[in-house]
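Here the chain labels run A, B, C and D in written order, and each chain numbers its own residues starting at 1.
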């Protein structure tokens, strides 16, 4: 199968949906001629023109709110927020408006919109451009939250998100944008809310997502040589969470390690751990549920510090060994 | 512009609906029969009704926490509206929204809003749809003087201006945002002057004069379809406290009395009589009908059941 | 001991600190002559004047940001955000600025500020005025998060928060404002980061906080008559969390029930469950860790629905029985 | 106003520092020696240096993502600044902040900011401290044309106006916010016109003319201490792309060339020579010193160690 990058996969997903449905359009800061801060929308301005690929002023609140307003009146907007750190400015419109309209109005509204936003550290951009804030969005009923780890998932999930009739926060991973992977040329979508077992194993379950998946898989291959078979489960959609798949894997292996880049305290790993600890899997666990996550600090600038503020190949491996003891 | 008799009588009736509706709500609250809080529109009727009467059904509005006037202005089923207020299953939001979240998408009311300034970006989005789909309609966005100090106001007016959206911003300046007066919360006299910051026209009008409001919005409709947004500031006043729990310490009795003299309903009545549009008998009949319709709505609402507990998880997702 | 309300306790804490330290001041919407939307600052305008009890325009972003700017230059602001739902508008200034300044600047800044904001449902104010968003703030290194359950705790913790040199999010509970409790007239503070065992017990641990504490205690008394001794632990400060006290109680009773009003998915209960599931307590647990929390929906308006969207006396009791089976 | 020779020479030197500093940074980036991204101030030197030179050490500034010019303008230890850029332990932020977070609280620089518009509310708070503590100083807040479309701009200017804070807002209008031109992002010619929305004065100046900037800020200082804030819009231009990854597709070569002709450093030099303030030899000596000082800073930075991993958890809490 041909290989394309994660960024290209996202670009293709948007283009395909925009070609099919004229209600779909893209707006955001510098998404037009510039092609987006990370080049994700490159070429779309040329293909669809300035009406459907809209550069906005630097105004995150109204970007999110205008998306909600356009969605509730019949469009299917995709809004880009340039860094997920700036979702902080759009929270009222996302959380109090877009997410709640349907319920507040007794089911009469439909708010089909996607907010695409890149998260994560590793680019040397320091504390205000590097956060992983997915846990916040997962605490908001009415939203869906997606965070793909491969080009294949990115394309299939984004197409599903655009087709979904609810507000979806689609968190992209900066460090994956340039990573390539196989993506079929044929049409496909991946249903929201279905986890994917990225690797089968029987000894220990890693639950992880986004850009932590590649190192988890690498480590899994390495320890496999020593006879430790790790299962790597990627929820892909964090809200709604595919609890069944996660719990089944925990029951199977009896050991759960949760890995994410976001700061540990208050991170989504807590939710995952809690779901498992409150399930039947509890009776099958033979070790505490471990969370390996970002340190509880803002992201530092200096490369060495930045690298070590989140789980690494080494710390993932060490955690596996420790749990297998 | 001359306004037809039918329209004027319709406006008169709607303003009475607002007044009577709010009186009922106030009564319910005083009796502890309603849950939560509410923000009465009494005293400001001419703004909502005048503005909405200039719109067609296909035109859209966004509203505020003080939204009952907008609902009625835009045309609403009074029964369902009253039922929503009482949290009943038959209400607009099946009892889940209450006073601050009544929406009637079928008649172009995109909803009240509990967040000050929260509806302004949504109006921008609705106007964007209108433009992209080339629909022949306008969006009218209500918000208060207090909301004009939120960042969302700024971002929204700017974006609507840049995109030349068919959007009429109507600032209901009732001189206070809760207890804080505009004199304390901004250093300018007229909020309409903020329009210049976005390169759009701004206009100050008497928000207690339904005819003036109507005419202004009528003109604005044509303007915004061609040239992009406009900001209208309607000067008005709320007679009651901000919400049910307001002791009104920040306003003088004299000020309130002064504004009560400028009653928008009396004003329209006088206009209709003086210009000979309607006779006093005709207006009396309208008054009677209005009172009856509100009574009917109350009856409908009171006789409606509360939503069943089973519905609690419904309608989170489409 | 004399009894005063939760709101009065907060009022006293602010006044005492303002009398002692002229750098402390209060700002927010309608906090002046009006006395605050919930009457918490009643009388303070009269005592301290308009310079130190400042009414602001309706502008949550600059309220939080100006607090940060005042704090970093030598004041100790207390900023009120009228409903915690509107923290959504202040998130950039709180999260990206106030919380991170110290770390980003290499330890050179100090940001002693408190944001007081009421959370919770139960007042019939529906979806945009009723949320419990504490989990968000707990995911932000650099912040401290406090949520008191009694007038005594409210006063002691708020005084400590004002004296603290870091940004503190102090979440008040609307439904507790009018509740009375004993509060000494003498000066005292309660250190941030210390949990309080509100009731001792040996059979089951309830970990809860804020306005869920009173029903938990009532239910504990009821089931005590049937011989079930419930321990009720109130962290009081969620960030930093007093993990030791929580874990010790879990070890002691072997059963943990977490109760909070916030929406379950992504709520702070996940963090608590995860901390316990990853601790030594894991080996002592004889039942899954249960979370009893708000339903995953926006808060509905109708009183019956609103009441049942969060844990109640009945559901708490039922959960205890179920776990004791 | 006549500016002393010492001040002019100091300004000249600082502008050279900015230029040379940025050239080094560009070089480091091109060689992959620096991590992350950076926003060069080349072409805009007169604004930062002119404005900051009119301030005293006790005065405060807030800065932006494009903050190197402000740092140098306000007086900074070049060694520590360069070290921070390289992520070294000896840097201003011990290597934790990098280009977008350099702050020097001891000299009144409250910090660069990675969030567009993020520093504006902080400036309001700093000005509030100034007023409440009755300190005789001003706060100067830098931000870009793009930032003027953020809600934080609106809320901040309004609050500063209402509270009469001693605050000088300086909008660096370099015609673009990343790739989007002001023509696309606002419907007005002059951002200074937004001042009227807050009841404060607004003034447009040539941001490439250091003397004009200096004089304007000098006057503004007196004004704001007495009357509250002012908004100054300095028209200028960035010569380089927005950040290291910018292909500059949205600007024409001609436009860039046109602005390069208006080099602020050349402009000041010409002024100093024509008015006879300094001789060409004097200026040459300053140039030489400036280059040397930047070289020294580079050497210092390069010889400094990276922070130890042990420091990773330090300084989250006070």
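Please note the rule applied: a contact is a pair of C-beta atoms (placed from the backbone, for glycine too) under 8 Å apart; a residue touches a chain by one contact, two chains touch by 3 or more.
Listed by chain with UniProt protein names: A, C = Pyruvate dehydrogenase E1 component beta subunit; B, D = Pyruvate dehydrogenase E1 component alpha subunit.
Small disclaimer: the values here were computed from a predicted structure and weren't measured.
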>> I need the common contact partners of chain A and chain B, sorted by label.
In response: C, D
> If you average the CA atoms of chain B and of chain D, how far apart do the two points sit, in angstrom?
Replying inline: 45
> For chain A and chain D, what's the span in angstrom between their mean Cα positions?
Replying inline: 36
>> On a C-alpha centroid basis, what's the spacing between chain C and chain D, in Å?
In response: 40
>> Show the residues in chain C shared as contacts by 2 or more other chains, in ascending order.
In response: 56-57, 59, 61, 85-86, 89, 92, 96, 103-104, 126-128, 141-142, 296-298, 300
>> Using the touch definition from the top, which residues of chain B touch two or more other chains?
In response: 93, 95-97, 101, 113-115, 118, 149-152, 155, 158, 162, 184-186, 316
> What topology does the chain touch graph have (line, ring, star, complete, other)?
Replying inline: complete
> Can you list the chain C residues touching chain B in their complex?
Replying inline: 29-30, 32-34, 37, 55-61, 85-86, 89, 123-129, 295-298, 300-306, 308-309
> So in the complex, which bits of chain A are touching chain B?
Replying inline: 25, 51-52, 54, 56-57, 59, 61-62, 64-75, 77, 92-93, 96-97, 101-112, 141-142, 144, 165-166
> Contact residues on chain B for chain A in the complex?
Replying inline: 60, 62, 91-97, 101, 103, 105, 110-111, 113-115, 118, 120-130, 132-133, 151-152, 155-156, 158-159, 162-163, 314-318
> Quick one: in the complex, what on chain B touches chain D?
Replying inline: 149-155, 158, 161-162, 184-188, 193-194, 196-200, 228
>> For the complex, give me every residue of chain D touching chain A.
In response: 34-37, 87-88, 93, 95-98, 100-101, 113-118, 146-147, 149-152, 177-180, 184-186, 249-250, 306-307, 309, 311-313, 316
